[in-house]
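One chain, chain A, appears in both complexes that follow, with chain B as partner in the first and chain C in the second.
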Partner chain A sequence: MIEVNDVVKKFGRKEVLKGISFTANKGEITCLIGINGVGKTTILNAIMKLTPINSGEILVDGKKVTKSTFEKITFIPDSTIMLPGFTINEAMDFMNDYYEVWNQERANEFLKFFRLNPEDKISTLSKGNTAKTNLLLGLSLDVDYVLMDEPFSGIDMFSREQIAEVFTTHLIEDRGVIITTHEINDIEHLIDKAVLLDEGEIYKEFNTEEIREEEGKSVVDVMREVYRG
Partner chain B sequence: MNIQFNNRDPVYVQVVRYFKNQIAKGFLEPGQAIPSRRELANQLKINPNTAQRAYKEMEEEGLIKTEKNQPSRVTSDENVLQDLRDELIVQAVSEFVSSVKSINVSLDEALNLVKQKYEKGDSDD
Partner chain C sequence: MRNFLKLTNFEFNRISKLLFSLMGFVLLIQLIGVFFEVWMYNNRIDSLMTENQMTEAQALNQVGELSFAMVMYSMFFLGPIFISVGAMLFYIFLIWYREWFGKNTFIYRLLMLPTERINIFFSKLVTIVVATLTLVGFQFLALLIENSIFNALVSDPFLSEMNVVNLISQDPLISMIFPHSLDGILLVYGFGAVIVGVLFTAILLERSYRIKGIAAAILYAIVVSALLASPFAVNELLLNGYMYPGEILFTFAVMALLVLMVSIVISRKLLNDKIRV
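And now, the complex of A and B:
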């Protein structure tokens, strides 16, 4: 389980996370939802220790995040992470050099699943294929937790469908996933849990099947209540 | 296999409903093996946890049976199948009755229309 407890983050005087708490379970897909600029990416950066926090704590399986945690958790950002001159093959070699948990077999499955050509240079890829390559590189690590930042934004509908499909396969099964998005439509029926954020605070955290069962509401219905109500 | 999911009913309930219809229509036969949870999640493009939940529900209702190391199968229990058929008929009739009642159709009129339609073999299916 990933536990985020009362995390505060300031940029100068601006408080971007105002005491955020939520949990994400292994084997479940947790979705951080909110419009641009509410602090979604900052939360992921904080979990990965890419940005220091002012107070609060973040635990992965009950332990503070250290260097060894990064063999257990991976972050898939929404921009290119590899040197643009690399081919996909070279990027995979690079990952293999840096991570003990790199799984080439899984990477090959992803190449096939996404129909990517490993000889292609990363700088020449379309936006959709860049996102798919990022997913390939992140998800081919045998880690328990995956953080994904906006995997669907600015990508054509068929690529979005293909990426959403990954969530229904063994390529993701049994892992704990935290995904951020402001477009819930693509994955509304795929997520286990939704965390609604606004202006650095959590408005609501709920299990999606429960809210459908008990209140007959879709995730979008709840969002409408929270953001417009 | 293809389901158009709506976003307001629990997904697992919609999956169970789909299986019930398939069984009642005879597309899934008694004793027939059904996909594994993982295969189902993949085919229907749903969360594997949801597929798991749907199968658990169907097992509890006795619609499917799972033996160790075997694929799950549709039940061959006549009683369960009969109950399922009754459930679906009652459900369909109740929906029909409440929608014609809401526009003040008399029983005779409704029955007549049902008879005509039924004999003409009209169906949206």
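And now, the complex of A and C:
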């Protein structure tokens, strides 16, 4: 389980996270929802120790994040984080060099599934293929948790469909996923838990299945209530 | 340790293009210098012989023999060295800042590797030091090659053959690049490594606290300068020159090691807890 406990984050005087708490379980897809600039990316960065927090605590399986945590959790940001001069092959070699949990068979599955050419240079890829390569490099690690920042933003419809499809396959199942998005439509039917954020605070945290059964509401219905009502 | 070696190898591959370009550049320009100086000299001798009707001996007597010092102390020789030094200084900053800037932000990947983050610091530091020593070694080799080409080009009565090692020790600047003793090498390049470590810490301060970090980095540089100057200052001002030069240098070396250790401790803390992507 990933536990985010009362996390406060300030940029200068501005408080971007005002004591955020939520949990994300293994085997579930947790979605952080909110408009741009509410601190979704900051939360993911904080979990990976890519930005310091002012107070609060973040635990992965009950432990603070250390170097060994990075064999358990992976982060797929919305930009490319590999050297642009690398080919996809070289990027995979790089991952294999450093991560014990790198799974080349799975990487090959992704190559096939996304129809990527491993000889292509990362700098020459289209936006959609860049996103797919990011996903390949992140999800081919046999980790328990995956953090994804806006995997659908700015890419074409068919790429989005393909990426959404990944969520329903064995390539994702059993893992704990935290995904951020401001456009819920692509994955509404996939997510188990929704965390609604606004201005650095959590408005509502709910189980999508329960709210559908008990109140007959979709995620979008709840969002409408929260953000417009 | 394995990850440190892998990262260092990786960093070295990234610098290798620059390194090979600099080596090619240094050799090319310095060789041009060799040919140019010989050509100029021959021209002068020739013109004295044809225009002033001098004999070879008279011309030689007036112009003097040509020695390799003419090449070594010329801009053809020193220019490429200055440019290489400048390139390495620039690379000290580039080696960090390129991870954040540009199209792809590789710093995310580096910080998420399942290894101690201080290994990133060490791999970059070792890369800079090894690259510098590689350049210095290459320059020495190039010097020997250039000297033998020079000796082959200049015919006997005109050549004042000089020992390259002597020429090195006669120039304060060049002798700093090639210290003649092991102690000297350790002192110059050890001190260089410490300064690179300090600059890395300054860069990490800026990368962690941005504008406030620049102020912290400047403050840190001032404290480090004071620490490094302290052996000399104490000896002059408090002890009235009581210490032997060897003792001062030893104290200085201890101070430099201390500074390096402090830089490592601060950088480790910054990389683990304060750094921002």
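In this text, the second predicted complex is superposed on the first by the 229 of 229 C-alpha atoms of A that agree within 3 Å, B and C clash if a C-alpha of one lies under 4 Å from a C-alpha of the other, contacts with A are read in each partner's own complex, and residues count from 1 in each chain.
Just so we're on the same page, a residue touches a chain if its C-beta (ideal position, glycine included) is under 8 Å from a C-beta of that chain, and two chains touch if they have at least 3 such contacts.
This structure is a prediction, so every number in the text was calculated from the model and none was measured.
With chain A as the common reference, chain B sits beside chain C without any clash. In the superposition on chain A, A:Glu209 makes contact with chain B only, not with chain C. In the superposition on chain A, contact of A:Leu136 is made with neither chain B nor chain C.
Of the two partner chains placed by superposition, A:Leu111 touches none, neither chain B nor chain C. Using the contact criterion defined above for the overlaid structures, shared-chain residue A:Pro77 touches chain C, although it does not reach chain B. In the superposed pair of complexes, A:Ile20 makes contact with neither chain B nor chain C. With chain A as vertex, the superposed Cα centres of chain B and chain C define an angle of 160 degrees, given in steps of 10. In the superposition on chain A, A:Ile155 makes contact with neither chain B nor chain C.
Between chain B and chain C, the shortest distance over C-alpha atoms in the superposed arrangement works out to 28 Å. Chain B meets chain A in the complex at residues 5, 7-13, 38, 41-42, 44-50, 53.
Chain A meets chain B in the complex at residues 27-29, 164-165, 167-170, 173, 188-192, 209, 212-213, 216-221.
Remark: chain C residues 3, 6, 10, 102-109, 111-117, 208, 272-277 touch chain A in the complex. Within the complex formed with chain C, the residues of chain A that make contact are 45, 48-52, 67-71, 74-75, 77, 79-84, 94, 97-100, 122-123.
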